[in-house]
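Each remark here refers to the structure printed beneath this line.
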Amino acid sequence: MSPTLSSAIAEIVAVGRRLDARGLAPATTGNYSVRLDDGCIAVTVSGRHKGRLGQDDVTQIDLDGRALEEKPPSAEAALHAGIYRLYAEAQAVLHVHSVASITLTRLLPRGSDVVLEGYETLKVLPGVTTHDTRIVIPVFDNSQDMPALARAVEDRLATLQPTPSALLLRGHGVYAWGASVEEAERVVEALELLMSCEIEVLRVGRRS
Amino acid sequence: MSPTLSSAIAEIVAVGRRLDARGLAPATTGNYSVRLDDGCIAVTVSGRHKGRLGQDDVTQIDLDGRALEEKPPSAEAALHAGIYRLYAEAQAVLHVHSVASITLTRLLPRGSDVVLEGYETLKVLPGVTTHDTRIVIPVFDNSQDMPALARAVEDRLATLQPTPSALLLRGHGVYAWGASVEEAERVVEALELLMSCEIEVLRVGRRS
Amino acid sequence: MSPTLSSAIAEIVAVGRRLDARGLAPATTGNYSVRLDDGCIAVTVSGRHKGRLGQDDVTQIDLDGRALEEKPPSAEAALHAGIYRLYAEAQAVLHVHSVASITLTRLLPRGSDVVLEGYETLKVLPGVTTHDTRIVIPVFDNSQDMPALARAVEDRLATLQPTPSALLLRGHGVYAWGASVEEAERVVEALELLMSCEIEVLRVGRRS
Amino acid sequence: MSPTLSSAIAEIVAVGRRLDARGLAPATTGNYSVRLDDGCIAVTVSGRHKGRLGQDDVTQIDLDGRALEEKPPSAEAALHAGIYRLYAEAQAVLHVHSVASITLTRLLPRGSDVVLEGYETLKVLPGVTTHDTRIVIPVFDNSQDMPALARAVEDRLATLQPTPSALLLRGHGVYAWGASVEEAERVVEALELLMSCEIEVLRVGRRS
């Protein structure tokens, strides 16, 4: 069940503190959103430190990404809206910049996705029941043309089966979503662990 | 002396917070158990965040790994039960996913165990009295067939002398046990340090 | 608007705690300053732990870097003063030692600056509006001759367009400045993330 | 001025919490001591977690390393006593196990010391006034024969000029000392930073 605006704000403030404590909210990076009971989207205001959000640092957009309040939403609100339009089950979207997501997407050849195989921690991702699988996290080239990027993301996501829980923007960071803020947060935490492992393995060379 | 259920729950909740603060409980990873004064086992419920456990997030199993309450135990409860059956002195078992344990087990050739030599910190492990030793942490291939995995683990552990304090599942994580939650936690912390050192050494090449 | 001395002290004490919590204030490293409403500069006293500053650990200098109180300012106060003279919009300067800034400046050939391209997080830096840019963070050779170093820094900074928000001293650390303590802190946090990514990429080799 | 036993205990408990918060006190590793006003030495009891010390976790030894209470001192008390005998100005000794100190001493060829050059952070070490220097941190082979190790340490330290503020045991960790617990702690923090930088540089190869 979708929350009211005031409980969505409380959840967004709290998850910002937890992500910052894990080193996943440096400077003003990241933006977070929650689908509301009236069908609108609560989303962080542009340019705030996500580890120190207050009540006023959340604004609202509609499902087309249009601002519903004077406070300007994150510049990437269109991406959040696109994910909510595409996936009815998505109730929360979290976007973070992290060393692992930025580095891994730049270490891979352009055009490559991140492919994760053989990790038990993959089972944290919704719908994954075994380590013996091959999970593709799609990687998109970063762009400042937000409508074009949102379209590219939606077009490609719509073709992917099984439904992913996350996507990566090259040199930028990760977007993760889920049926609640907590589920989206778990996806973020699991991918941080897994991408950190992948980078270690790229350095030394996997044997098994 | 084995604790009552209520003090076991308090210990499990507390160790989850400490492990999470050290970055050893991302997402819903890990599971923890304690042997009780009535011979049953208190074990974390499946799918909870171990850094934010509450009173209701612990359930009970018997020594054969069968659930004794409605709340479902961790899917890996059979492994916990097997360790308690094998080692009468084991009073607590902690399982965590970490970058070091996942990466190191994937950097080694399949079929290799982790071998730790020459580290003073090895003396944290029960029964180890010198750095000038060779400690084998057995590595098992990961599996979703929990009864089969538990059997493979028990069969091999039964052959190992001296008795190990920990085992590794490839691409999955570490299991550590001890005469108390605190002792098992010390094994987890010591192995994190030691496996992190081993990975650094694999990167650069040891000279001494 | 520039703050009074007492509110500048409160800001300096607080930012020291935050930077220390992020591992950016080991031992007595770093020094911080704020431009005051009377045109003087509040700056940390020499030799204190920046994570545990008290009210007495801040002193004052004038815009030429001369001490205005008995408490000795940081040995690097001349550098702070030079930055304030050069940039009227700079209201706060933060200097930290970190593994990333020290290592990256020593990994690069002498005479090289740090060049950051293609990172979304660059948009945290004042005036940067796209990842598709090339930001130069000037690197200076370290020196104990503070007047000479301050002169070298001022001479070169005066030639740089666009105006940088930070500089690096080789094997020493980063200086960052901004229109407030919070903005300077955001530059520090963003550069930590970006320089950590650059080091990872130097290790493995970038493909995109 | 040397403290009383009760204030030494308070300082030891507090520094354990700070070091643990920085990841420098995993499991039961490390031991800490303070020279008392009566010429005896307060030292941590063997086998306790240094991040969670209580009033009872400190005992006393004399300058020859002999236990003065029933509570057993750390097995390495002889090394602490040797440092106090050798350096009248040493008022506190801190020993920690860390990834950086363990790894770096094993990455270097046997017989090599750690040599640190060109780092501004070296100025944290007592007596160092410029980065343009060459600081030798002596490395000793680890041993379980504590009297022999203490003798080897004392014999070599007595020949070193200038007086070092720290030594390393290979595959074991760092000992640091100073005119107060805070000064010894600063040496620990500075060396952690510097050794972490050295390891990064060993990985990638220094250019300047």
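The letters A, B, C and D name the chains in turn, as written, and every chain counts its residues from 1.
Everything below uses one rule, namely that a residue touches a chain if its C-beta (ideal position, glycine included) is under 8 Å from a C-beta of that chain, and two chains touch if they have at least 3 such contacts.
What you are looking at is a predicted structure, and each value in this text was computed from that prediction instead of being measured.
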item	value
Contact distance in steps, from subunit B to subunit C	2
Joint neighbours of subunit B and subunit A, given as chain labels	none
Fitted rotation between subunit C and its twin subunit D in degrees, CA, nearest 5	90
Copies subunit A and subunit C touch via same or different residues, half shared test	different
Centroid spacing, where centroids are CA-atom means, of subunit B and subunit D in whole angstrom	31
Whole-Å gap between the CA centroids of subunit A and subunit D	44
Overlap residues in subunit D, where contacts from two or more other chains coincide	203
Every chain pair in contact, whichever chains are involved	A-B, A-C, B-D, C-D
For the subunit C and subunit D complex, residues of the former touching the latter	23, 26-29, 49, 97-99, 102-103, 105-110, 142, 144, 169-173, 199, 202-203
Residues of subunit D defined as touching subunit C within the complex	22, 118-121, 124, 129-132, 182, 185-187, 189-190, 192-193, 196-197, 200-201, 203-208
